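Structure first, then comments.
Going in written order, the chains are labelled A, B, C, D, E and F, and every chain counts its residues from 1.
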Amino acid sequence: MSAAPLSRACAAVLRRDLTLAWRRRGDIAMPVLYALIVVTLFPFALGPEDALLQRIASGVVLVTVLLAMLLALDGLFRGDLEDGSLEQLMLAPQPLAPLLGMKILAHWLTTALPLIVIAPLLAGMLHLPLAVQPVLLLALLLATPLLSLLGAVLVALTAGTRRSGMLLALMLLPLCVPVVIFAAGAVAAAQQGLPWIAPLAWLGAALAMAVVLAPLACAAALRIALDA
Amino acid sequence: MSAAPLSRACAAVLRRDLTLAWRRRGDIAMPVLYALIVVTLFPFALGPEDALLQRIASGVVLVTVLLAMLLALDGLFRGDLEDGSLEQLMLAPQPLAPLLGMKILAHWLTTALPLIVIAPLLAGMLHLPLAVQPVLLLALLLATPLLSLLGAVLVALTAGTRRSGMLLALMLLPLCVPVVIFAAGAVAAAQQGLPWIAPLAWLGAALAMAVVLAPLACAAALRIALDA
Amino acid sequence: MNAFLAMGGYAAYVWPAYAVFFAVLLADAIAPRLRRGRILRELRARLARQTARQQRGAAPP
Amino acid sequence: MIAAAPVPPLLEARALSFFRADEPVFGPLDFSLHAGELALVEGDNGSGKTTLLRLLAGLLHVGAGELRWRGEPWQREACAGETLLLGHQLGLKADLSARENLAVAAGLHGRREGASADGVLAAIGLAGYEDEPVRRLSAGQKKRVALARLRLLPATLWLLDEPYANLDRAGIELVNALLEEHIAQGGAALVTSHGAVSFHGGAPRRIRMHA
Amino acid sequence: MIAAAPVPPLLEARALSFFRADEPVFGPLDFSLHAGELALVEGDNGSGKTTLLRLLAGLLHVGAGELRWRGEPWQREACAGETLLLGHQLGLKADLSARENLAVAAGLHGRREGASADGVLAAIGLAGYEDEPVRRLSAGQKKRVALARLRLLPATLWLLDEPYANLDRAGIELVNALLEEHIAQGGAALVTSHGAVSFHGGAPRRIRMHA
Amino acid sequence: MANWIPLWVHKLGSPPLFYRFAGAARPWLLALAVLAAAGGLYGGLVLAPSDYQQGDAYRIIFIHVPSAWMSLFIYGVMAVASFVALVWRVKLAEVVAMESAPVGAAFTFITLVTGSLWGKPMWGTWWTWDARLTSELVLLFLYLGVIGLYHAFEDRRQGARAAAFLALIGIVNVPIVHFSVNWWNTLHQGSTVRILGPSKMAPSMLWPLLTMMAATKLYYLASLCSRVRADLLALEGGKDWVRKIAEAEGSR
């Protein structure tokens, strides 16, 4: 009757999710391709004026990355819910929150990180000045895990329902707004040569809080959502 | 041993899908909310300059409506595939193509039509001039069924796979690009006071062809996708 | 009276605003009443079904 | 009727097999099924029973060998209206009621003379549940709705994949009664099952699958 | 052992019931289960067997009545490490092999002394399938992988929802053997099933659910 | 002495009792609301003089501002009820939280529409991406999210708990949205709004405004009563007291 220690359980969950992602490595490419596609559509829809594109570049990249993440978030628990492994996870002897934290980490590593890697390419396609790119990357590095964590709580809430995808978008928007404002604010400040540390510091503080609280909230939400 | 006539079978399928949509009428609102949200995010990401927003309004609305449709398309066969009703449909005595045509029609009615209805609101929020709005609506009325039909073929092809969502986006993009170019071209021409009939005529011609061919292709794709 | 209705030239904005206010609140007031009727109707149907089921259950199949 | 008649069998398989990734899922299989006959498909877990039924329904392609329908080479269009498949997935929409689900099926296949959705549901033990959305039914109740479909629609050949699973004793009796009635009316059926099937109308034919 | 001992029962329900939309799904239920005992949960389709098992696993909230675990009021944390649930959904990842699936489970629950994934799979009749992704297994083979998990992980109480469904005869024997071994080692089990269960180690207790 | 307060609260928490209480209170609340609205509108539309700067267009204020306040107030009520529902699993609190959401959404919608109708003559545009307007729009999305989540569940009580959880997460977001006025320093049309700051407002305009505020509050209570009554019937469908009501209405 010896339940495994928490660290081993966390490692097992993380390894499992990364292995699964690796088995379907085609899926990892998908958010990236989606983002590429959306960014490609804009010049067609707006007409190819370089000045205009440059003006909207950082905003479009930010929104695109968020939308791609949002799509991927929807699947965070779906597979596990359908085949019953989520139930098994909830019945594990360890506390649920850290195990979910591992799932969120794995999800961020497999969806957001590739997006951040190609963000410079996307920004380049829209002629964002090279000097601003580090700020954009930094903003994304802080904003995406924040969204993953907050999103996970909402995904957990919709776990018991069928119509998750779009409902999730609706619920996530109010949380997205401040994140977008800060991230876009930092990039815009950098683009105008103003100091851009302050908004990023706010994002970092929010991230630190979310890392602690979101897994707990996520576990609570999941127990509520599956209790029927 | 009297299979029902084709017209009755088509009516049954259409009625079934509309009833299902009505049962989940919350879902009908979702693409609309999604579009509203995406449009809302842009001013946050780009900064709220009215002139800039007005310049990109039609493009953003077009891309947004297409993205919202694309998300909804993903669910065209998903439910039916999961509970086995798609198999039952394929085993029906009637030819598969017209039955699928009915499914596509129901899907367009429940996802694209609401989007078209609120498109003026979205355009208004981004300050698109009132005079251009009829052209935008006309472009959407031609572009969305075209996308529904083309998308259905691709959804059918990916029906057997798991990773449909993103893969679909990827495959649909090359088809989206010409549609976006023509639709955006018409709206841009109208915004500059130039004649805008020609691009819309092209869209109309493509739509006429798709109405005939897409259901057939869809049926063939579905048989291939499920044969394993 | 006409002057009142004209609202100093802003009638096209003031009256629609009031119309929306009252229309939305009216809809809000009526909705629960309709829902109440529907709920009670469904409940009666369910009760009828249950008694039917119980009667069948009492009699051997 | 089963005697060597000039009537060709309803369904005839000659050295039939199916391949997945070039490996045979089931070996060459020979059997024939006449109208008024019931055949049990037997085999261990993983021996290919489900695969065989999906192939006979026309969802999978014949790998090798030959399949004949009433003496002619098998074609989907020819037998689509005469075959019904009951698979692991029941093909019911969870948001529609039992009655609505049956109405959709009848809209496609037509209905047997004299059969009505409500009558069939009552016969199958679901009276009182006609308007309940299928999602609210338990595993066994859902199965009953799928069985009701068999009774409502006209068809010659039934392909039933583990029809007894999830059913209680009354439900199992019901499946047997359904099968007997179908056979008596000149229909044919292919049934897979693990449990001991106590079919009353004589010993059924058996088709053995080897893993 | 079943005699009125001072040891409190492992699991004890007093007037237990569960409500959905304020309607009772199953009536007030009284039963107790000691270590070394097997109880069969019986009832017709829709009588609430699945619901009961999910409640006992801690996925649902007790509606009314009381549930006790080793004499104390039931708490999720207290029995989480000692309970295993096998539901309608097996909880296997289709993309992982049988061995990997077992490794994940062992990572969470630990493993029985002396048990290894490969040994358990061989014992359950899946030797040679260890590295096959679960999606390529048939319905019965998947069920066997889920059964292997029971044998690999340490637990006192097994909650098995229709463990016999989809299994061939050898598989059914296997479930019985598993249960006997578990009981003999002082474990307890709650099993739902429709079919006639021929359990060798004495007549099991029966818990009847009324629809 | 103060013992009767918790006792009274506890008693009202029982659904059949609250059902009767709400049924008795509702007509009075509604009558008072209509009365107050009539008085306020008479004062606002007829008695109050027109504004020296905005002409008669400012008269939208008598519905716009009370609605705006209600949209925030109701969110607060919903959040408190949600907290009670989650922590103590009080059924009545779940119902109050979930039935407040549509009313709050309605007032938010009214605020948006009347504001944009006011904005056209004053600012020359129906909509602008000002921080205050945008945050009100986000508030509407919050309400819609709560309502959507509630209805996405098959089991109403479970849906209520999930949506209550969301409402609580959302309240963290409300101050964020509010402060975004500072973070997102843009066109900031808010200054136009300040022209009529309460201190500067003439009493002849102030009292109709305050009366309308009371009217909207009373209306909210009345609406809540009838909504909660309907919802209790749906939730308690299995109980005897509801069956009696159903049979009584059916025989009529």
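For the reader, a short list of remarks on this structure follows.
We take it that a residue touches a chain if its C-beta (ideal position, glycine included) is under 8 Å from a C-beta of that chain, and two chains touch if they have at least 3 such contacts.
Note that the structure is a prediction, hence the values are computed from the model and not measured.
Compared with subunit D, the chain whose C-alpha mean position is the greatest distance off is F. In this structure subunit D contacts its sequence twin subunit E using mostly the same residue numbers, the overlap exceeding half. Here the CA centre of subunit C is 47 Å from the CA centre of subunit D.
If you average the CA atoms of subunit B and of subunit F, the two centres end up 36 Å from each other. Looking at subunit B, one finds that residues 24, 26, 30, 33, 37, 40, 44, 47 touch two or more other chains. In subunit C, no residue touches two or more other chains.
Multi-chain contact residues of subunit F (touching two or more other chains) are listed as 134, 138, 141, 144, 148, 152, 154-155, 184, 237.
Within the complex formed with subunit D, the residues of subunit B that make contact are 1-4, 8-9, 11-13, 15-16, 19-20, 23-24, 79, 82-85, 87-94, 99, 226-228. Touching subunit F in their complex are the following residues of subunit C: 4, 7-10, 13-14, 16-18, 20-21, 24-25, 27-29, 31-33, 35-36, 39-40, 43-44, 46-47.
By the touch rule above, subunit F contacts subunit B in their complex via residues 125-130, 134, 137-138, 141, 144, 148, 151-152, 184, 186-187.
Residues of subunit F touching subunit C in their complex: 45-46, 50, 55-57, 59-60, 63-64, 67, 102-103, 106, 109-110, 113-114, 117-118, 120-121, 219, 222-223, 226-227, 229-230, 233-234, 237, 242-243, 245-247, 249-250.
Residues 134, 138, 141-142, 144-145, 148-149, 152-155, 158, 161-162, 165-166, 169-170, 173, 176-177, 180, 183-184 of subunit F are the ones touching subunit A in the complex.
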